[in-house]
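Here subunit A shows up in two complexes: once beside subunit B, once beside subunit C.
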Partner chain A sequence: MALTIDVVQGDVHVTITLSGDVDTKTAPELLSQLTALQLHALEQLRLDLQAVDFISSAGLRAIVFAKQKMPHESALYLIGASEQIVDTITKTGLAQAVRIVASVTEI
Partner chain B sequence: MSVQELGSVREQASMDNWDRLNDFVNESVRLGIKDKSRSYNLRLATEELISNIIRAANEVQRSESKDVVLEISAHIQKEGDGSWFILKTKDNGLHFDPQFSSRSPVDTEQPIFRKKAMAPGLYLKQRTTGFTLIHNFLLDHQLILNSLLANGQLEALGCS
Partner chain C sequence: MDPYARVISGRDEWGIEPNWDRSYQYRSRVAFDDFDWEGDSPLEIDDADLVIYELHVRSFTRNENSGVKFKGTYAGIVEKIPYLKALGINAVELMPVFEFDEFENSRMHPDTGEKLYNYWGYSTVAFFAPKAGFAASGKFGMQVDEFKQLVKELHKEGIEVILDVVFNHTAEGNERGPSISFKGLDNKIYYMLTPEGYYFNFSGTGNTLNCNNPVVRNLVLDCLRYWCAEYHIDGFRFDLASILGRDPWGAPLSNPPLLESLAFDPILSSCKLIAEAWDAGGLYQVGTFPAYGRWSEWNGKYRDTARRYLKGDDDQLGEMAQRVQGSPDLYQWNGRSPATSINFITCHDGFTLADLVSFNGKHNEANGENNCDGGDDNLSWNCGAEGWTEDQGIKSLRMKQSMNALTILLTSRGTPMLLMGDEFGRSQHGNNNAYCIDSPVSWVDWSLLESNHLLYDFTKNLVGFRHQHKCLRINRFDDPGSKHFPSCSFHGTNPWQVNWSSESKQLGWLMSCDDDSTSLMDAVYVASNMAHYATWFELPSLPTEYVWKLCFNTGDIQSPFQQSPAPYLESGILVGDRSVLIFTASPRET
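Our next item is the complex of A and B:
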């Protein structure tokens, strides 16, 4: 399934809304979008995953990349991830580095 | 014991054929495993497997100018009251090194975010991350990988 990526730049945060599968084929598109951001100066990054069905390890690597480039005190929110995606993120230990919320109102 | 064939796909192991290979796996998993969590995790593991085979095939293409062909087949095997979903891959690319298979090259217990690569570079991080994912999901979700060494064949089995 194709991946669509929508990037919205706010005052202190960037919201990236994803739709589709983030797999070996599509993860480079996400990585490319993340690389284009000023991650080292970003206070908050929001990844909206409500319309994402599947994230492979390639997708997780893109998220890890973003978190590692952001300042230590900044926050990376994963919004509306499915139960399976949350399970994957928890099992890989990535949950320690990101904040998982059901909706944007929880931020 | 009865066997229900779910078909097969045979393509050059290349990202150009990613959609055909991946679509076959996804459809087979959907037919073979009803439990949503298990099917998701098997898909996760096989996606990693296929991408690793393609990555290795690219190395063979560069070093030997040889095309690697990947064949994936799937069937459901019913035994008594239970059944197994069996996904089998076969390729003519790089063989597993029998010495390598007896030991783990990475600490598979360490969360990936804290993992310290043995050498710098995104390439190794990619490899170790993928290894961790497969290892954890095989342990946690009753999936079994059976590698036939030097035969280019690997089976992924999941309780359906």
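Our next item is the complex of A and C:
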């Protein structure tokens, strides 16, 4: 399943809405979109995952990569991730790098 | 396949039947090293202070009643950390977690049709890669992170991680086995070969890795350094380690370069190195394993002596006395310490504790080898009936014998090791070699935690008692002891007088040291009676400012331990048949 990536620039944050599967084939697209942002100066990044069923290790790596480039006090929100995605993030220890919320109103 | 590959795909989820048409069953992948350790490092707990808990990653939580979300995985163990912490153990020893193929030699049971696997995994496919099928996230290729998360979480709770590593052979088998890595790279360098070019089989599994060749030696060193540095592993237990001391033609070396290199390696300098000091080729080196002041050993003689003593065999007192004080007969002459001895009564090989007291012989029919596999020298005693029984007398004797075993183990000097589930009576229904069984026979049945809660509470209290009493963990054979008592002394039914005759079944041991911070004496007296009749023991007399308190009594099956024991003011005590008592010296309250 193809991946569509929608990037919206807010005042202090960037929202990226993903739709489809983030697998080995599509993860590089996400990575290049993330790389194109001014990550080192970004205060807040919101990844909307409500329309994502599957994220492979390469996709999770892209998210970790983004967090590592962002300032230490910045926040990376994962919005509406499925239970399976949240489980994977939690048990692999990535949860400490991101903030998991059910919807954008919780931010 | 690259033998140094850090992630392997091909067996991403446990037990999914592979596509056998594929020429290459496994593929190397790239591992990332961006895991956030949050400042974690190995714990470096003193060897003498460890209580090790041996477990199989899948068996530990695979059962439906384990109560964890990710059953049979690294993440499942994380969910059980509060349990392990409450039990009081401070190291887990994981049976093999290097990538192996559960489908190696997999087959159907000829009678039952049940699928049999390479379940234990003592057959390495990739030495640098964690087993993907043990990771809940294996299908996403995230096993590296999940395993690191397990180590980090265990360390946070003060629990070390020891890996059971298998360097004596590989999954490539003999001349009929598959070619995965080493056979194609350089067959005659990596394997010990006969002059005709066949594979030597000292491991009992097809081939033997040529560990004392400089190239192979570096592979082993690189591997252990990698797990130590990259995964923060605290120690390694070497399967059939005696093979690692053989020369390329199989002869035992007096100064094996691999064992020496491991002992003096700077990166491994704070890692525990534990040898299973025998191999399947007949080399038995308990007490003589080339140690270089670094290696400790699974003490097979401890297991055998304790088992014989427990079932009341004649002629055991002298050897039991050696085992209890850390086996100086094996380790003192060459300058080693009591903690060299990893004491155990049960381990994955052989009966579980509940089976040790319930079966006289092995019952391995489920392994599909006509009950021919597995050891016959179990030194077990079924207490009066083979297998399950409704006889209350036999059942309570079994419970008592289980408690006796745990009591002796946890009051001996050296490093005690428990087998998963023994603390609540885990059974494999008499199977003493469940290496191929992926079923409830192998899986820990967590419902027993409730039905055998007394045994669990007893074990937990005993582990806590060991942690409280330094005198049980003294790690010197020449320790001066306390102001009042020698470090370790032996007693019979009369203090200071042991009846060492062959039919004698009563042994007491008194361990003591001074606590420098409080200037109080720490003293523990253990009275064991393995005879089938009750026996009166006079207690060793204490200085007037101390009184004995009775903390554990396996003869009192209803309440075998006391949380806050009252002073015991009699001069002696009747020790029940096949019972062990523990007293501790407590300052007299004025």
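Some points to look at:
Definition applied: the second predicted complex is superposed on the first by the 107 of 107 C-alpha atoms of A that agree within 3 Å, B and C clash if a C-alpha of one lies under 4 Å from a C-alpha of the other, contacts with A are read in each partner's own complex, and residues count from 1 in each chain.
Criterion: a contact is a pair of C-beta atoms (placed from the backbone, for glycine too) under 8 Å apart; a residue touches a chain by one contact, two chains touch by 3 or more.
Treat the numbers as computed from the prediction; the structure is a model and nothing was measured.
Superposition of the two structures on subunit A leads subunit B and subunit C into a clash. Comparing subunit B with subunit C, more residues of subunit A are touched by B.
In the superposition on chain A, A:93 makes contact with both subunit B and subunit C. When the shared chain is aligned, subunit B and subunit C each come close enough to touch A:61. By the document's definition of touching, of the two partners only subunit B reaches A:25; subunit C does not.
None of the stretches 3-11, 201-209, 309-317 or 417-425 of subunit C clash with subunit B in the superposition except 3-11. Across the two superposed structures, the residue set of subunit A contacted by subunit B and also by subunit C is 56-57, 60-61, 64, 87-88, 91-94, 96-97. Contact residues of subunit C toward subunit A in the complex are 32, 34-36, 38, 69-70, 74-75, 78, 136-137, 140-142, 145-146, 148-149, 152.
On the subunit A side of its complex with subunit C, the touching residues are 55-57, 60-61, 64-65, 68, 87-88, 91-94, 96-97. By the touch criterion stated above, subunit B contacts subunit A in their complex at residues 15, 18-19, 22, 36-37, 40-41, 43-44, 47-48, 50-51, 54, 110-114, 125-126, 129-130, 132-133, 136-137, 140.
Interface of subunit A with subunit B (complex): residues 23-25, 54, 56-58, 60-61, 64, 67, 83-84, 87-88, 91-94, 96-97.
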